[in-house]
Amino acid sequence: MTAPILELDGISTDIAQYHILHGVSLSVPEGGVHVLLGRNGAGKTTTLRTIMGLWKAREGAIRFRGDDIAHLHTSEISRKGIAFVPENMGIFGGLTVEENMRLATNDGSFDRERLGRIYTLFPALEKFWTKSAWSLSGGQKQMLAIARAIIERRDLILIDEPTKGLAPAIILNMVDAFREIARETTILLVEQNFLFAKSLGQTVAVIDDGRIAHTGNMADLVEDTVLQTKLLSLSLDAHQ
Amino acid sequence: MDSTSNLFERFGGINLLPVLLAIVAFALIGSPSTWVTLTVAGLAMGMMIFLMASGLSLVFGLMDVLNFGHSAFVSFGAFIAASVLAALAAWVGADSIFLNLLAIFLAICAAALFGLVAGWAFERVIIKPVYRDHLRQILITMGALIVAEQLILAIWGGSPISVPRPNFLTGSLIIGDVSIELYRLFAFALGLAAYIALYMILNRTRVGLLVRAGVENREMVEALGFRIDRLFIGVFVLGSALAAIGGAMWAGYETLITAAIGSEMMIIVFIVIIIGGLGSIEGSLLGALMVGLMGNYVAFLAPKMALASNMILMMVILLWRPYGLRPAVK
Amino acid sequence: MTELALDANAERARGRTGRLIVYAIIGAIGLCLLFAPMLFPDVRSQEVAARICIFIVLVASYDLLIGYTGIVSFAHTMFFGLGAYGTAIALKMMGPGWDAILLGGALGIIVSLVLAALVGLLSLRVKAIFFAMVTLAAASVMAVMASQFSDFTGGEDGIIYKVPKLFSPATKLLTDEDGKVLRIFGAKANGKMAAYYFVFFGSLILYFLMLRIVASPLGTVLEAIRENEMRAEALGYKVVLYRTAIFCIAAVIAACAGILRAVWLKYTGPETSLSFAIMIDILLMVVIGGMGTMTGAIIGATLMSLAQFYLKDLMALASEATAGMPLLPELLAPDRWLLWLGILFILLVYFFPAGIVGTLNKKGGHS
């Protein structure tokens, strides 16, 4: 049993005077896609932001490959090999697609092979390479955000609700892309969309009201319709 | 409706506003030679104001820091340049263009050096302790402005100081009826060079890329692995140096400076960055040129309304575009 | 468990002592101001006392904005000036009568109200920082215009005018058997005293008005807006309307303070009513006293006014003492008092943002 690549241990995070996370503990195995499911306001985004150091946990530990990263600056956490694709995608609209991508590289140069693979996965990016990013459609921006996370190899990619507001056809395309990406790295995917999540995830954790309500294999959850209903009463979004 | 706005966009869109202003002014002024003189003055003034404002705009766009003390660098720059020029009076007055240029160069360097060093100290001592707190930032930097003005009064005294203009820049270029002051051409050229240099840095270097990205979304840049707070110090220091250079140029323009320069320019600079939008040098340039032109045209047409006219311009633009004309962050 | 409870009790006890100290000081100041003509009969002290009264009102009204609602505005002197100039111009043009004061004052108040409403509505569309800068620009423009439209406003020199006979030093309020003006504890009961009490009671009324506002439901809403704007909006309060309302109220009160000033000084000019130095004074006083506390305004205004009074004398001495040295005499010259107050201001904002009252009350000021 390989050691988990990421571990959260009793994480509690506050925002202003509001307690958002209450003792969240999570273990992400290395390799593959792992899903954190939850409805709006459950604390999914807060969890990712806490891992990334954008918000500091009040208590608890975060370990990446065994190293404590909870006290590190966001930029240091990123340099440890963790990529972040936020909910709002974090695209720099005033910069071109190329410039957005360059920021994601270590020294400004592209690995030709990896870039080629990105062009194959997301052809629109090649098409709009020199255009300003604000002119991209929602789906294309999401592709750019993901491409930024994979232009150089990272150990762990945190992705926050990539399918939000996207057309079904694009979501389908994304499933393939994610499967491809997951072959070389670990993805922690935060989602509301159960249908999307279940087609990708190996393990799943369900978060509700800042607490982990369930952890286990995705396959088991998919089989267990009783459990699904119980957790669905926490309104996991099963929409298409 | 659509085709006119498309046409407008194709010819540069918002960037055409100064041109529009110039055209309207021409209609109101009538006399071409006066108009040319005023326009050149407006453009020159605009360029100097751009130097003063661009740093503040980038700093605020990048780090969300309100530096009400920014114009202190302008006044110190002006006074330091004045002192250097006074010390090098022989070179300034000499017939040799080389010596003149050398004197100017040294004066500007002195101002810039002050901006760099004082800017660094200012950021560490005054700004850093109040990074996230807007209220205290406004108050503390305001206090710094007051202290700076008082220091100037203590060091240079209360009477206005006369600034010697380099020999080869005194006098004007005469083309037909039109008389164009050589210094104004010089100020415009210098400002333009600075703009081009800034543009190059921002758009052709990695550091510039980081700044442009950081102005839009600081968090994301950090999430990509960059320490933006280190970048910030660089931008702050550069902005202060530019402001000092702007002040130095202003000293040569006005040829008579008082300690109140800082507070006077502060209002203008704020109006410029509000009009232009925060975080972009394009916006600062646009705002600066408009304010420079507006100020000069109105000073001719209705002298008492010069400052008020810029204020009105700002209000009108705010009603139309609440974030300014070309902000980096929407 | 018990330790925490004990600590909390100790904190509360300290807070209570702190509050008692504050009330004691306020009481002392209040009494001094009430009996100022008797306690400090010389002209300069009278001037300082009147100034303190007026600035208490000015600073308290500013605190309504910055301390209670979290609005940073630099236009406060503009309203102060409008009230002063309105009254002054009316007195000059209509002669020294109560009708002039009423008319001019009312005009000043109305213009202030209209401008405040306009500026307040602008805050609808722009970020808070832009708002601060806009108010700064507005105040500067007003100051410049006051200097430039000099036929109207007397320009840089300002205007001098007479005030109603009641306030004239020659007027005898109370006379003794010989018909000479009566002295109450050494102070002449003449027009000057009447003028002082006009200022004192005028300020007192305005101050109590503000206390009422702060204690009212409006005050609670304002504090909620300051703490968390989004939450207040979510709770159903139209934040913009409330901010505009308090901005207008503060403007009107500042204008009233301006009226008092104009009547007291018998002179109005850019230096005494519109200058940025006054805005700085207000900022210093509100920070020293403590933001978000009405009592802070009293302490801040008193302390600063006294400090200015004595500081200049002190600096003159120090400047002479260091006469031989390079830069020091210029730094210590009495004209440079603002330099040291500026430094003090920076230190206060940095180390004691809660001000005197805030620190004593352990309220903590702003986070």
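For reference, chains read A, B and C in written order, and residue numbers begin at 1 within each chain.
Keep this in mind: a contact is a pair of C-beta atoms (placed from the backbone, for glycine too) under 8 Å apart; a residue touches a chain by one contact, two chains touch by 3 or more.
As the structure is a computational prediction, the values presented were derived from the model and not from experiment.
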Quiz item: In graph terms, with chains as vertices and touches as edges, which category applies: line, ring, star, complete, or other?
Solution: line
Quiz item: Computing the C-alpha centre of each chain, which chain sits at the greatest distance from subunit C?
Solution: A
Quiz item: Which chain would you call central, comparing Cα centres to the global Cα centre?
Solution: B
Quiz item: Ranked by contacting C-beta pairs, which pair of chains comes out on top?
Solution: B-C
Quiz item: Centre to centre, by mean C-alpha position, how many angstrom separate subunit A and subunit C?
Solution: 54
Quiz item: Between subunit A and subunit B, what's the gap in Å when you average each chain's C-alpha atoms?
Solution: 43
Quiz prompt | Rounded Å distance between subunit B and subunit C, as computed from the means of their C-alpha atoms | solution = 34
Quiz item: In subunit C, which residues are in touch with two or more of the other chains?
Solution: none
Quiz item: subunit C touches which residues of subunit B in the complex?
Solution: 60, 66, 126, 129-130, 133-136, 138-140, 142-144, 146-147, 150-151, 153-155, 157-158, 263, 266-267, 270-271, 274, 304, 307-308, 311, 314-315, 318-319, 322
Exercise. Report the residues of subunit B in contact with subunit A in the complex, numbered from low to high.
Key: 206, 209-210, 212-213, 216-217, 219-228, 280, 328, 330
Quiz prompt | Touching residues on subunit A, where the partner in the complex is subunit B | solution = 52, 54, 73-75, 78-79, 84, 86, 90, 92-95, 99, 102-104, 108, 148
Quiz item: Of all residues in subunit C, which touch subunit B in the complex?
Solution: 66, 70, 72, 122, 125-126, 128-130, 132-134, 136-138, 140-141, 144-145, 148-149, 276, 280, 283, 287, 327, 330-331, 333, 335-336, 338-339, 341-343, 345-346, 349-350, 353, 366
